[in-house]
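Chain lettering (A, B, C and D) follows the sequence in which the chains are written, and residue indices restart at 1 in each chain.
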Amino acid sequence: MSDQHLLEVRDLVVRFRTHDGAVHAVNGVSFDLAAGETLGVAGESGCGKSVTNLAIVGLLPKPAGRVEGGSVKLDGRELTTLKEEELRQVRGSEIAMIFQDPMTSLNPVLRIEEQLIETIQAHREVTKEAARTRAIELLTAVGVANPESRLRSYPHEFSGGMRQRVMIAMALALEPRVLIADEPTTALDVTIQAQVLDLLRRLTEERGTATILVTHDLGVLAGMADRVNVMYAGAVIESGTTDDLFAKPRHPYTVGLLRSIPRLDGETGGKLVPIEGRPPDLVDAPVGCSFYARCAWRTDRCATETPALLPIDGGTGPIVTSGPTATHVAACFNPVAPAEVAEGRPLPRTGGATR
Amino acid sequence: MGRYIVRRLIAAIPVLIGLSILLFAYIRILPGDPCVAILGQHRTPEACAALRENLGLDLPLWEQYIRYLMNTLSGDLGASVVNSQPFLAEFLTRFPGTVELTIGALIFALGVGVPLGRLAARKAGGRIDGLITGVSLFGVSIPVFVLGLALVAIFGVILEWLPTQGRIDARARFDATSGLLLIDTLFAGRLDLFVDVVRHLILPSIALGSIPLAIITRITRASVIEVVNEDYVRTARSKGLKEQTVDNRHIMRNAWLPVTTVVGLQAGALLGGAVLTETVFVWNGVGRWVVDAIQNRDYPIVQSTILIFALIFLVVNLLVDIGYALLNPKIRYQ
Amino acid sequence: MVGLFCIVLFASAAILAPLIAPYDPYAMNGSSLDAPSLTHLFGTDLLGRDILSRVLYGAQISLFVGVGAVAIALVIGGALGAIAGGFGGRVDGVIMRTTDVFLSIPSILLAIGIVTALGRGMPQLTLAIAVSYAPTFARLLRGSLLALREADYVVAARTIGASRLRILVRHMLPNALTPLIVQATLVLATAIIDIAGLGFLGLGPTDPRTPEWGTMLVDARRFMQAAPHIVIFIGGAIVISAIGFNLLGDGLRESLDPKLKR
Amino acid sequence: MKNLRIGAILGALLMVAAACSSTPVGKAGGTLIVALPGDIVRTDAALMDDSNTSYVIQQVVETLVGLEPGSTSKVVPVLAESYEMSADGLTYTFKLRSGVKFHDGTDFNADAVVFNYERFIGLPTELRDYAFYIGDIFGGYGSESNLESATKIDDLTVAIKLRKASSNFLLTQTLQVFAIQSPTALVLGKADNTEADVTKITAATGGAGAMVGTGPFKFVKWVVGDSVEVEKNAEYWNKEKVAYLDAIVFKAVAEEAQRVNGLATGEIDLAQTIAPATIAEITANKDLQLIDRGSSFNTFQISMNHTYAPISNPKIREAIAYAIDYDFLIKTFYAGAAVRATNWMPAGVAYAKDLNLPGYDVEKAKQLIAESGETDLTIDFWYPNDVSRPYMPDPKGLFEAITANLEAVGFTINPNSDGWREGYLDDENQGKYEMWLLGWTGDWAGPDNFLKTAFFGYKNGAPSKEFAYKNDALDKAMNDALAAGTEAEAKALWETAQDLIRADMPTVPVANSKPQAAATIDLKGFIGSAALNEPLNLVWLDRP
């Protein structure tokens, strides 16, 4: 491929070994990320969003979690087969991460200073002084007042929003090319959320950092992401530019997601409709469409055959996997017609509702 | 920090008062004449009269208690019934032995327990973990005196690797100045004797340290397993820190906290266990002394030893809490 | 599994001792210090008494004193803990400072002090062990109760105007008992070791013929070289029982209280 | 009477000769580690009343007269070169050795002896409770003491005057209690501090002035609760008996097993007493030697207090004597190193005769119980739970076996025990026990030491509270025997006394044991003595 993407994930499979059997956490996820692009990932809890991210940087919990297939390439360099030491050098400096809960993601017994400096010194041969200067710059950049004195503080002396700013500063400390932000604002107050998101967008834009933004908040995605992947049961089931996806969602699950959040844009008549049922148990290897049990649009075919991620209109042209012209794809045999999006459809009460 | 210590000291006051009341009551609930309990066989009517006067046995209880408290605070902790030696002087000659023994046991327990716990946590669920858990179960289930007897028989008598009794080779005829032989021998420049003292310490330390070892192993394992799954450890890894840095700085700095608390609580168990260990290993310490005192109905010695041991326990726990606070900034600034 | 096996072994030895013991534990019916043989599976002691029978009857003493002591400790400690945790305030303060006092004394020393003051004997031994463990139970129950005070269903019961006592007895206690039961099992292991320890220090039962493990161990110690099997059998009995209760306690902890699972 | 004393003097002369006989030349040097069953109690010889202290003190301070090594009855001169008794038996004149110096460099002379003996007479009231023997042997202090005065005749001659004649005087003066200590040191150590707080007396507690004598070893230090260290006195007056060893450390090792372990590992060179249970182990170890101490010098008995029923009934006491399986006890607990007691004193003591005591006979015991008419056969029975004694190596085991014997004939036993030093001895002495285990190791080889001092002599004119055994005829016989004019008279009176005791069976003597010691095979020149007077200056270590 001539236009190599910054990050290419292909058919990623992750399994967890537990006492109850293997959990199929990620089942063949593929996506690309171009430089400077922001990819949103949406989906319910436990659908494999975070696991995918951890798998990319090789931080799956050991020894239970394992990448069992697929590849992850950063600038064409295969990451899944790297030695731990090589992977370590990638982490933090080329791919950085921000986690959901700023309250627990910072080490409570270490000063902010130590946590920032160790990040820098882990990858750069710099003096402690230089690292400290850099740390102050970073804190200033994320809007921490009195950075010099705040460096001496411990995490518990910061508010949640401030802590997340520190996390962002830490993640951007080495100017990584990819930033993975895993629900960065979920744990924050709504008023703070906006500030932090704003900061994040500003800093990534300034630096041209490609970002994967994971959230279950579609509202956030609408404002932040260039493209959106919707995940369900360890797989991407719909993908497209943010505009495409929000305007014409095709997969029944995406539709469900959109209908289950309040619309702030003043559109009336849209009642809040929860998606009935629960995501499937990932212990059993999935057969057929994983959304089958909860799907109002299901057909018999869905029960036995797994739908592939294909362009929504059955187009035959080349599939664009990144950028503003990305092809809108969905994994569904019986996509939702645009007309039905607003109204929804009741869940059929017959046959196989529980699996 | 200073305020924290002061607050902890103030919190210890009611406990000390309660302890003094308990021990004050102890001698008075003993069957028979307190004069017999306190002066013993060699009592004379004059001595009894003097004692009554001194303790005010005819006064109301609260006044007697005040006297007891004043005496105790002024360092008068009573005297031995057997040889009339004042408690404190005799205690101080034996205390260094107990200090070395308990510290030896603690070093053994921490030095082996923490690495074992870390190893078990790293291999959690595996065969090594199972083995370590089994060993720690055994350690917590085997009484000090049974283990002591076994160690003496195996490593002392059969293999002749290590000495079985006492704190130092009696042939060395060494003049201890502080009574802490590890320090005394070093100061005297007697490296050979220092080694000898260490060799004498090994078996008793293992016997006494086995239960704390087992507990520390378990708590370290549990604590590391818990910390390993903390978000900040994932953060540390995601920053690309070396595994060693993650381990030492991020995991252990936090995992130490519960271990520290347990070490403090084990201080009491160590002092109690010293009583049995010293008996088994003919160790010249407070424990062996208090056993003799019990057999001889030397109540003032028993009473004051309990007081001092309780004080040590409180002080050690205060130190542990301060250490905990130093390790845990959240407490420090509260 | 192993734990259960040890417990069953220990408990059945204790309960069935009169039935399964091959000899009267007091009868001097063998020659002195016999090695294990078919007639005396564990050999005999200095006075020619059958060691197997004595070890079996010894289990009885450890079990009775141990269970008795832990039961008393549970009742005393439980009551104090319930009052402290259930009502709080000044009562709580007084009770907790009192337990602090007792906890500051090493438990074996406390037990020694009590036995010396009250005199030797099984009831005294039981009480001494009980007093040294009661404070732990009091603290534990109080802790659980305090945590439960903020539990939703307790708050709910309070808002509908249930009396404090009723809330304590009906809503809080049943939910706070689990850790107490687990702790009691673990303490049983320690109690067995402590009983033997007191026996080892010569503070065992008044009748020196009583087959108490610690007392027997001191006697056997002199024959460590000549008849090591005696020390091994008695020491083994103590260790196996303690392992049993420790394993049972761990097992209970894991099955009853997943929160405590570590 | 005269014969008796002349005998003693002859013995003394013989001893002098024996001392000159050639002994194999030992190897000088080395430190000997001696395990004692307990720590010493005092460093002031006058305040001593236990065998551990005595064992240490005898190496350091010396008496005017002593016992020949290995003997329990042969009096030999030590610091006195010779002695003679006046015709009325009241004055003993000691000719002192010249050129003897105390360890502090001061001279040993008549002044020193007078100082010490005046101290024995007028010990401060507050210290008298600590000095059991002096008061016991002389019947009190001051004007009550049988010691009237000690007078300096010249620099090397002292006359000691008694109030009434006492045939055991010389023998008692061999006790370590009557050792001569340096007066200078005693003053320095505040030995007679009139505040009489014994803790302020450094001479008694191991500080300044402690144990300053003339012996072959000098006191170095006492680590209370643990060990006592003495070192060679190179200036010892008896040039032929200057110690081979450089030093001795006496370690308190209460645990019998640890004494043998220590011998096996080389941490101990000499265990002063060992448990009979460990004899087999010691003989099996080729690096160790068992040391036999010859004849027995002790009696182990089942003690009884006649205040209590059914003990008060002589038939019951006789029945108890028939109920005991003596052979089993001796075989099991003494490993054969004991003999069945035939008397209340061991066979070697003067005038001791076989009293034909009851043997093991269950039927006879039952029959006597039936005849006694007693219906309540419950007895409170006590044993000490923290010691072993030479005559009673395993009190608990003996107690268990004896209890089983007694229950077999129909008694009901209430088992009791207490710690030795403050509890047991005090309580049995106060008459609180009905039946208990106790014995006596002889201090000197006179019948009075066993029958009178240890057992049945009246205290303050009345039966002792200990046994509450009232027999005025016996008390009179014993007192008369001590003051008897002729040997024949003494013999007759002592035999009468023994018959009286046998008839009443006040207690049940069980065994006379031969307490053994054990040592590393390298230990040479050790002369065991049943009285435990074992000077270690003659001992050497045959090791490179």
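We take it that a contact is a pair of C-beta atoms (placed from the backbone, for glycine too) under 8 Å apart; a residue touches a chain by one contact, two chains touch by 3 or more.
What you see is a predicted model; the values in this text were computed from it and never measured.
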Determine the groups of chains connected by touching when chain B is not counted.
A | C, D
Using C-alpha centres only, name the chain that sits farthest from chain D.
A
With chain centres taken as the means of their Cα atoms, state the distance from chain B to chain D in Å.
40
Euclidean distance of C-alpha centroids - chain B vs chain C, Å:
22
From the C-alpha centre of chain C to that of chain D, how far is it in Å?
46
Cα centroid separation between chain A and chain C, in whole Å?
54
What positions in chain B touch 2 or more of the other chains?
157, 279, 294-295, 297
Residues within chain C bordering two or more other chains:
202, 221, 224-225
Listing every touching pair of chains gives A-B, B-C, B-D, C-D
Complex contact set, residues of chain A against chain B
54, 57, 59, 61, 84, 88-93, 96-97, 99-101, 104-111, 114, 118-119, 122-123, 154, 156-157, 167, 170
Could you pull out which chain D residues touch chain C in their complex?
255-257, 260-261, 275, 277-278, 280-281, 331-333, 383, 385-386, 394, 396-397, 399-401, 403-404, 415-417, 419
Chain D contact footprint on chain C (complex, rising order):
26, 28, 32, 46-47, 120, 202, 206-209, 219, 221-226
Looking at the complex, which residues from chain B come into contact with chain A?
229-232, 234-243, 245, 249-250, 253-254, 257, 327-330, 333
Of all residues in chain B, those that touch chain D in their complex
40-42, 44, 46, 79, 81-86, 89-90, 93-94, 152, 156-157, 160, 163-166, 169-171, 173, 175, 279-282, 284, 288-289, 292, 294-298
